[in-house]
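Think of it as A, B, C and D in the order they're written, each chain with its own count starting at 1.
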Amino acid sequence: MKALETLIHRMIDEHALTRATLIYRMFDALLVLIGIGAAIAGTQPSLPPHVVTGCLYAIAVIWALFVLDYLSRLWVAPLDRDLSGQSVWAVRREWIGSRIGIIDLVTVLPIALGALVADWTPTGAPLLAVLWIARFARYTTGLDMLWRVAVRERQPVLGVFLIFLLVLLVASVLAYHAEREVQPDRFGSLSMALWWAVTTLTTTGYGDTVPLTPFGRLLGGIVMVCGITVFGLLAGILATGFSNELRRRDFLRNWDLVAQVPFLHDVGPGAIADLANMLRPREVPARTVLARRGQPGDCMYFIVQGEVEAAVKPKPQIMGPGEFFGEIALLTGGPRTATVVTLSQCQLLALDIADFRAIAASRPELLAVIQTEADRRLGLGGRAQPAEKK
Amino acid sequence: MKALETLIHRMIDEHALTRATLIYRMFDALLVLIGIGAAIAGTQPSLPPHVVTGCLYAIAVIWALFVLDYLSRLWVAPLDRDLSGQSVWAVRREWIGSRIGIIDLVTVLPIALGALVADWTPTGAPLLAVLWIARFARYTTGLDMLWRVAVRERQPVLGVFLIFLLVLLVASVLAYHAEREVQPDRFGSLSMALWWAVTTLTTTGYGDTVPLTPFGRLLGGIVMVCGITVFGLLAGILATGFSNELRRRDFLRNWDLVAQVPFLHDVGPGAIADLANMLRPREVPARTVLARRGQPGDCMYFIVQGEVEAAVKPKPQIMGPGEFFGEIALLTGGPRTATVVTLSQCQLLALDIADFRAIAASRPELLAVIQTEADRRLGLGGRAQPAEKK
Amino acid sequence: MKALETLIHRMIDEHALTRATLIYRMFDALLVLIGIGAAIAGTQPSLPPHVVTGCLYAIAVIWALFVLDYLSRLWVAPLDRDLSGQSVWAVRREWIGSRIGIIDLVTVLPIALGALVADWTPTGAPLLAVLWIARFARYTTGLDMLWRVAVRERQPVLGVFLIFLLVLLVASVLAYHAEREVQPDRFGSLSMALWWAVTTLTTTGYGDTVPLTPFGRLLGGIVMVCGITVFGLLAGILATGFSNELRRRDFLRNWDLVAQVPFLHDVGPGAIADLANMLRPREVPARTVLARRGQPGDCMYFIVQGEVEAAVKPKPQIMGPGEFFGEIALLTGGPRTATVVTLSQCQLLALDIADFRAIAASRPELLAVIQTEADRRLGLGGRAQPAEKK
Amino acid sequence: MKALETLIHRMIDEHALTRATLIYRMFDALLVLIGIGAAIAGTQPSLPPHVVTGCLYAIAVIWALFVLDYLSRLWVAPLDRDLSGQSVWAVRREWIGSRIGIIDLVTVLPIALGALVADWTPTGAPLLAVLWIARFARYTTGLDMLWRVAVRERQPVLGVFLIFLLVLLVASVLAYHAEREVQPDRFGSLSMALWWAVTTLTTTGYGDTVPLTPFGRLLGGIVMVCGITVFGLLAGILATGFSNELRRRDFLRNWDLVAQVPFLHDVGPGAIADLANMLRPREVPARTVLARRGQPGDCMYFIVQGEVEAAVKPKPQIMGPGEFFGEIALLTGGPRTATVVTLSQCQLLALDIADFRAIAASRPELLAVIQTEADRRLGLGGRAQPAEKK
């Protein structure tokens, strides 16, 4: 039982990169796509009835699998963390309220409730299978960022929406007055004028309702220009929010990773903070060539997880978590002195040559640490190439 | 009389967060929504006459309430500030010219004037109730920012609009020449061609006027591309403006709040300026859990207003304005050592873990102040956990 | 003759802010608007012939005035600068090639050439009056910035347009294949498919050509998403360009202005550079109240040009170019200690309170200069208020 | 044979700026435009058959030329780099996989494969000539940047697309329910509703499918607003990505170029890094006037490649790679003291006056280097003008 729990946990862990979890995810994604496809196909009037029935069955089966997935995740949730005194049920209750828990609940619950109140026909509960697209949210950290930006910039965004509403309402009152006598079937009520205003202000422009009077058209032109301005404001606000949020996220993640690199323990916190602002994480599979002897080097790497092998003489050197490599080409400005291949799935931090130079210029102590290690390696490797550029 | 004045003042104060003001605001918002809804519904031709009459009465009643609100605000305006030698009427005159005063005037005056010149029918003065949406501007600081950005970036924005107009006019002259013979009913005058150009340049594209000749279509394609470029320019300019304005606003607000934290009086102005750039204000209601013992800590808080209770042993500790908490988890990198709950409505300044690390790295004196206090607290709490990471 | 030349020069000088130049500019703008209005009105088929004739005459008269303006500007061009050995004709030739010269040539030349090749009817040469809108470019520095941004970001912008063209061409070939059999009148040739693709990729969506096949609609959806992505790329590139350009322009202008403030001569270039990054220029007319005694102060001012009067006791103090004021409220955090009014049209540099605090924190030498002067003034003014906050 | 190889290599080298390569590129671009034009024209039903045949022949001939170009490039690929032990075939294999190699393959291969499976008629394989537009990618570095930005910002971009899909699916299910009974021919299946949703969410708005029910229109309005918000998010994310990428690219390129300027060898790496952030590269043809005596100077130049001649007395001075000029006007604030003309095609690094002042303020050692050289030159030139501003 415990073994099964562990097995399931290993298979559905979102952060792992083993073959089992990858296959599980691909299967999950496939089910989502099939389910949504079946929901769309089921409403096609031209389809023969037995295909429609097949679609309905497919959705039911996939739903059952997702319920199983939900229960499994709920079951193994306590394995994800040390309990620290909490009961397993408290941890499970917490998981239900977590982001992943809510996404999974949205996957299984609405369709079940829908089946209770509506019938299981193509135009009923199975349509809720479109919500399964939310399952992909599990694999991207982008949504969290979008959410944080939305929260942070809510004041100016609300200001923009207020302007939007004000323009919308004023424009529709004016258009209603200008057009209602000329085309009473199009602008016969304020709500019709609102429909015109919203299609115009968002620059959608269906063309089903178009002003005909000179004043109506002048108004339309102004509303359109307001529309692109509102759009520009929104883009501007969100651009600012993203810029700040991205910087913050990168810094935080890198700080944690840099803290695991022993070479950097003696470097002051200022240099660490600078470095954390510059490193870019890279996830690479096993047997990837990271550097090829003789080619120009454009970055150096810090290993966070996994192992790499540098094909140096007299015998290949294996480096593991906390070590760095690729710095010689950056220091000398010459080509790579060795081919480096990953032995296992690796998590690396890449320091771009541009950033390397900037940080080496402003933080000589960091450069010294790297230089010392590079000198040691060049000596070790038994090669004659001196590190001229100190 | 004085008591009534104070009572009203307390109820309508925009900055307070008491139950009375919140209920008043919700009621205000509800009236706005009902009023606008009634204005829209009143023009619906399919509605029975007595419902339309009801809508008109509703608008009139809400208008009367807003007049009452306006007069009350005018009356109690002097309570908002110390008079410093000004007469109460001078303060009231000033309030009329203030942002809130103008918004409130826009709420009550146009509809009153409209009722004088037009009649009180669904298509007359009551339509001006849509202006009531502006009342929401009272609750957002976003509009001020939008306005400041508009003023600051007016030169390039005007440049963009000039390009817009130039493209518009040239394109409509060319389209007029290309199309007027093929479709005289669509492009029969320059003003018709202008209508086509504006719908195309803003990428609205109603489709009521579409070029048919090859040259006209080529021109149309170019105008569309110009349109998205103009849009991009506008978004770009406004993004830059927002970025600067947001930074400025946050800095200013935080500086004022930081100045109220006595722990930071001995820290130099450079550290204060850095800190003011990083803090994020948070408004939390009473009885909110800010930190839960055992959970990871992602920020520390400075209290500006209100009180919080930390559930430490031997007895809970109450902290008030000018104190900070949550720093231990950031310093040790471990979980929260105590659960902290707000006792009253609190105004806090949150220092994110990312920013904490950055500022601790560049401003050791600030770190020392926080570290000292953390050590004292860990000692006070009688717990053995030492602050290893110094 | 010389006097007339000087008189004209004074009237048409773009940088001056005298009453004469302002009236001249307003008159110029009015002529442009009347001319464009007449060109648009002239093509209205419903207008009686004598009104059309009036429009044509109006355009001719305005054109003649613009020719006069052009010749006058050409004549007085040498007055704008010291000749330094150049002949007046060399300066005039140079003026013809300058930005203003080209704008003015575009105003007068095309319409004259047009009158030679086409006839002077509403659909002929007078339509070129729409080019007069370019005359407004004279009054905005925004266009220069747009141009510089375009030049600087041309590489990525060209990249975006290349992607745009690639998507356009590939999409139209695919749509041509998918739709040409179903609707040969809409997608019967590649150029028709291109027309559909461009209206879709720019999200204009006239709706005159719409895919009907399932594949065509799927393609359409993809093209639309590409469209908004291309748009986002363009906005993103231009936002970055603007951000850099705005910073550069402000820095340059402020540096020149700061250099004229004698108080700052002893401050190091680093502080000057910081200050130049923060100051905001303000152009205020005479008799404007810049600060009102008792009100909170949110910025201090450096005078570049013009004079202001501070209503201090025992007698009002007049300050001129190179002096600063408004610093006391920023230093003490209290209200303004004096009302300050401009005596003439002034050019000022405003230092925002947010920026003042930031720069005072990082540049103590600058704070000292300002503090010293503030102390002297408080002593001078005979008021007891000491400058506690040092 | 070797000579021919070298000749071809010289002609097709993308980085060279000789007359031969420029002509070759223009010819290449012309062929691309003719080819695409022929592909578009070929499908025009109104064209006489012999013109269509001509178009088909033209495409075939151009294709043959491109095959020749591909083979030539493949042949001379080894000349582009020192082999360092690799065989020429290894280099050629590598070239095939390089960016240019893939672009060229896309130019020649699909059309050849197309000719095998489809027939050589206007609606068959020749349509693939539209892919030739990709050949322009060779001449812009913008696409690389776009690609890097896409990779770097893929997480939030994927988040936005997920939101896009979620809104799309949910909106189409709701619209399907609201509209399918009112207009079964427009919203009769979920896929039809999806078509409406995608045209609305991208704000394209063809207008072929428009909601008619009140709920459908309300939904439509919400979808449109979501559309512009999604667009704003995308623009915001990409703006941030571009900002970072542009800074990175400029820094890297300038660092390499600055390293070739001997005057800067004694300056510390910090100053070099600052300088690399500020320089702007400029490519100028021979006989270009870079500075004109007596005119105001707005930037100084470092020469990376090529030669310039300064018309100073007693005899003109020629400067080559590694030297700088134009600094005197920046140092004195006066006009240019000499006219400088390029003698050959030059690669320069321009330091803007704004940046010059900023860097001179923060890096006095750099200013000293430039000042020393300026003094020497003013002495050398035998002119009396002293460098007062030190």
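Convention: a residue touches a chain if its C-beta (ideal position, glycine included) is under 8 Å from a C-beta of that chain, and two chains touch if they have at least 3 such contacts.
Only a predicted model underlies this, so the values are computations on that prediction, with no experimental measurement involved.
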Pair sharing more residue contacts (C-beta pairs) when B-C is set against A-C: B-C
Rounded Å distance between chain A and chain C, as computed from the means of their C-alpha atoms: 39
Inter-chain centre distance, chain B versus chain C - centres from mean C-alpha coordinates, in Å: 28
Residues of chain A engaged with two or more neighbouring chains: 191, 194, 203-207, 231-232, 235-237, 239-240, 243
Topology of the chain contact graph, where touching chains are joined (line, ring, star, complete, other): complete
Of all residues in chain A, those that touch chain B in their complex: 84-85, 152-153, 155-160, 162-163, 165-166, 169-170, 172-173, 176-177, 180, 188-191, 194, 200, 203-207, 210, 214, 217, 220-221, 224-225, 227-229, 231-233, 235-237, 239-240, 243, 248, 251-252, 255, 268-270, 272-273, 276
Touch list for chain C against partner chain A, complex: 203-207, 232, 235-236, 239
Chain D residues within the chain C interface of the complex: 36, 39-40, 42-45, 123, 127-128, 130-131, 133-134, 136-137, 140-143, 145-146, 149, 161, 164, 191, 194-195, 198-199, 202-208, 230-231, 234-243, 246, 280, 294, 335, 352-355, 357-358, 360-362
